Amino acid sequence: MAATTAVLQSEWTKVRTVRSTVWTLASAAVLTIVISGLFCLLFRTQWDTIEEGARAQFDATSQSLSGLFLGQLALITFGVLIISSEYSTGMIRASLSAVPQRATFYLSKVAVAAGITFVLGVIVSFISFFIGQAILGGDLDTSISDPGVLRAVFGAGLYMTLMVLFAVGVATMLRSPMVSLGILIPFFFLISGILSAVPGAKDVARYFPDQAGSKIMRATIAPDDPAPYSAWGGLGIMALWVIVALIGGYVLLKKRDA
Amino acid sequence: MIEAVGLTKTYGSKTAVYNLSFQVRPGMVTGFLGPNGSGKSTTMRMILGLDTPTAGRVTVGGQPFRQLPNAPRRVGALLDAKAVHGGRSARHHLLCLAQLSGIPARRVDEVLGVVGLQEVAGRRSKGFSLGMGQRLGIAAALLGDPEVLLFDEPVNGLDPEGIHWVRHLMRKLASEGRTVFVSSHLMSEMALTADHLIVIGRGQLLADMSVKDFIAGNSTGFAMVRTPDVAADREKLTKALTDAGAQVQQEQDGALRVTGLELPRISDLAHEAAVRLWELSPHQASLEEAYMRLTNGAVDYRSTADPRQGLQQPAGAPAPGGWGMPQQAPWPQPVPQQQPYGYGYGQPQQHPQQPPVQAYAPPVNPYTQPAAPAAPAAPSAPQPTEPVEDAR
Amino acid sequence: MIELQGLTKRYGDKTAVDDLTFTVRPGVVTGFLGPNGAGKSTTMRMMLDLDNPTSGSIRIDGKHYRELHEPLKHIGALLEAKAIHGGRTAYNHLLCLAQSNRIPARRVDEVLEIVGLAPVAKKRSKGFSLGMGQRLGIAAALLGDPEILMFDEPVNGLDPEGIHWIRNLMKGLAAQGRTIFVSSHLMSEMALTAEHLIVIGRGKLMADTTMADFIAENSRSYVRVRTPEPEKFKDALAAASIIAVIDDEGAFEIEGAESAKIGELAARNQLVLHELSPQQASLEQAFMQLTAESVEYHAGGPAAEAGEAAAPAPQWGAAWNTHTGKEA
């Protein structure tokens, strides 16, 4: 049994020695922070023209994290590439020859992906939050010590981590980077959002990983929120998706010829 | 007939090919040899008008390729096996090429038959193995029924049957009076295929002669002599042969390897010494051996340029030997400077600061690895007790 | 030592590898031969536990691959040249493999030096030629200084010097008592490298024998004699009732008698010989003959068809029967 710490170290080396890691993670950070800032600026300058309903929905915390909507696409790309590049380059055969214990190999990869994203995610969330609050200014902003705010900001980091792991699981099942990205990116960028606005599909879309998981990022839950789960409950639903995807990936990795 | 006169190609300050003059004659297979980065591909590309020479010229049938009327009917080439649009079927790929050069579509099915791809002709070439891609490339080369054919590493990816087939195809094309020019790294394969050789190193001509002369000129054959299994006989014969000026080496199985005497003379000497012979066989040196000798020779004159390179590239300094490095050991005829030629991935590029005149002349070799570094844990390489037999 | 026991692999109803049983022994280079599609690559992938056998088992020094502690220290493999992430440098590629098996980073520099890639160690492998990729793959195989090494088509893309080097590397490693298993399509190269052969065709074991025996069993061998006194020699042969054929150059070709016996015969008759050499067919000829027979034996159908259709050249993939070892 190859020692797990050695395999973790190896996976860490793999991640840090390719450029795609740097550019996907950097664009995730930049997109999240910049887009969040722009949304905050938009709300602040347009506040007077915003209708009452929307004002009631306004949550300064989630507003300052709203760039994650785009940032998550870069994170998904990171999660997909971490595993599918092994397949597309043929590296998987060298990797599995070196670590034939599929579980050790897979869990190390997942752990490294989770570790990196969690650290980055929490940092980006806090930066995005504080910049967002600064832009929103005295009337609209909120404080990290307000109820639910710390949970929301920290939760954004968890959300990012789970999103990457979901991508890892799906990409392990699909192997091809093109197919994985071709499914995941449109789904989270368009389909999930569209379905959650369609009356009939709304009730189902509510349980999609991104819809359920993003509830953690609101400090205050709107009184008329129809979702029948709490913030943590939503994150739990997302975690279930992730677990299913990861298990699916593992089962196929173990069963399939490399 | 392909004719190169003073052919030179420089890329910026790097010289890929320098002052090459040679002729590739019809009616035989001409092998084109040289280490990686020696300028073989560049030369082939210039023959096909894909690259423009910096100086000199190369003609096919008396005219530069680009001025040849109806070039696809006169010259066929296999350069890069997978220069094929993967989404297109094998037949369509060939059909496109045929239509471009006014070759009837009927011919496409003919060449598909020749290379044995007719069963997969409708399949997209994306799913082709390397060997199938190679066959498709050969089909494209044959399409115009050209009198001049160029093949770059034709047996890449083929299985033994395919290798056998390509070898016979080339010999057949040559016997039909065509000009067949083949580059390859496989010396043993070349020895079976080519009649004539052109060898280049560092972009310069090293040899242009028949395979037979090349082997004879660059290596030594020997005779294998076996006597009845009696030490006294063996010693008597060894003494007689040594006295006659031969070099005699005893093999592990008791046979004698005799260099420097003709077979009939050995026979006579054995007769005089009253030693019966159980075997007396001529052994020709291999093409590989001859090739390595020649290119090693080329490396020998590197000494003139070496010191400067050492200053420029301290990083390339060799480390002391140790681990398992058979590569430093068993070359049969020890040459004073035992530098394996060309760990050269296009070395010229490594020296952009070098004046062009230096880039080609002395074989400068930053990739040279005289010895491997020491690994304390690993066992040291065994020094072979006898040279490894390279001749078959 | 690698032991295969009844190894079988099926894809749907196609059998890629069919009940293979053989042992790859240490101390010699074992060649692994077979036509395209014979199941060589599948077998090698199963040996590395990359593909799961349908049935049968493989033991590496008595253990299943998955039971190996840090497998790179037991078995190193070059499967295909470019099993490499092109965006990673040669050094980092080897480093992440080394780390997973707790091989010191120092060793990475060593193997890069051994294969001659040290000067390009910090370059991304994307720009590597086929030959350089091959050398990097060989470096990865050597990383753990393993007792067992597997090479699939190792000379692909190498230049003559590289071919010479890898051949001697493999022989040297075998001489150290390691187990070396090499597949190749280049018969002439194999003839120079391997001492033992395992030949498969259509997934089945066809030969597991030494190189010399393989050639002797699968082709014609004879003794070639040249003499300045052919008439006297002819009489001597006739007296000993040995049958000989005279070739175009006037040399005798004698089948069914050892060269020693002919030497003694010549000595008794006071005959001068200018050549007395046992001739053996090439490995390629022997291989072609063996596989040709197997195809005829295993598949009657396509044989007749191919013979008809392949006027100028053999049919692809099904044409073992059209070329037997005719070549001189």
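Going by the order they are written in, the chains are A, B and C; count residues from 1 in each one.
Rule of thumb we're sticking to: contacts are C-beta pairs under 8 Å (C-beta built on N, C-alpha and C of every residue); 3 or more make two chains touch, one makes a residue touch a chain.
No experiment lies behind these values; they were computed from the predicted model shown.
Among all pairs of chains, B-C has the largest number of C-beta pairs in contact.
Among the other chains, the CA centroid farthest from that of chain C is the one of A.
Chain B and chain C have Cα centroids lying 21 Å from one another.
For this pair, chain A with chain C, the centres built from the Cα atoms lie 51 Å apart. Note on chain placement: the centre of chain A and the centre of chain B lie 55 Å apart, centres being C-alpha means. With touch defined as above, chain A holds no residue shared between interfaces to two or more other chains. Against chain C, in their complex, chain B makes its touches with residues 33, 35-36, 113-120, 129, 131-132, 135, 155-165, 169, 185-189, 192, 224, 226, 228, 263-264, 267-268, 271, 276-282, 288, 291-292, 295, 313, 315-316, 319, 323-327, 329-331, 340-343, 345, 350, 366-369, 372-373, 375, 377-379, 381-382, 384, 388, 390, 392. Listed in rising order, the residues of chain C touching chain B in the complex are 33, 35-36, 107, 109-110, 113-114, 116, 118-120, 128-129, 131-132, 142, 145, 155-165, 168-173, 175-176, 185-189, 191-192, 224, 226, 228, 259-260, 263-264, 266-267, 272-278, 282, 284, 287-288, 291, 309-317, 319-320, 323, 327. Chain C makes touch with chain A in their complex at residues 45, 48-52, 65-66, 68-72, 75, 77, 79-80, 82-89, 92, 95-102, 140. Residues of chain A touching chain C in their complex: 1-3, 6-7, 9-11, 13-14, 17-20, 85-86, 89-101, 255, 257-258.
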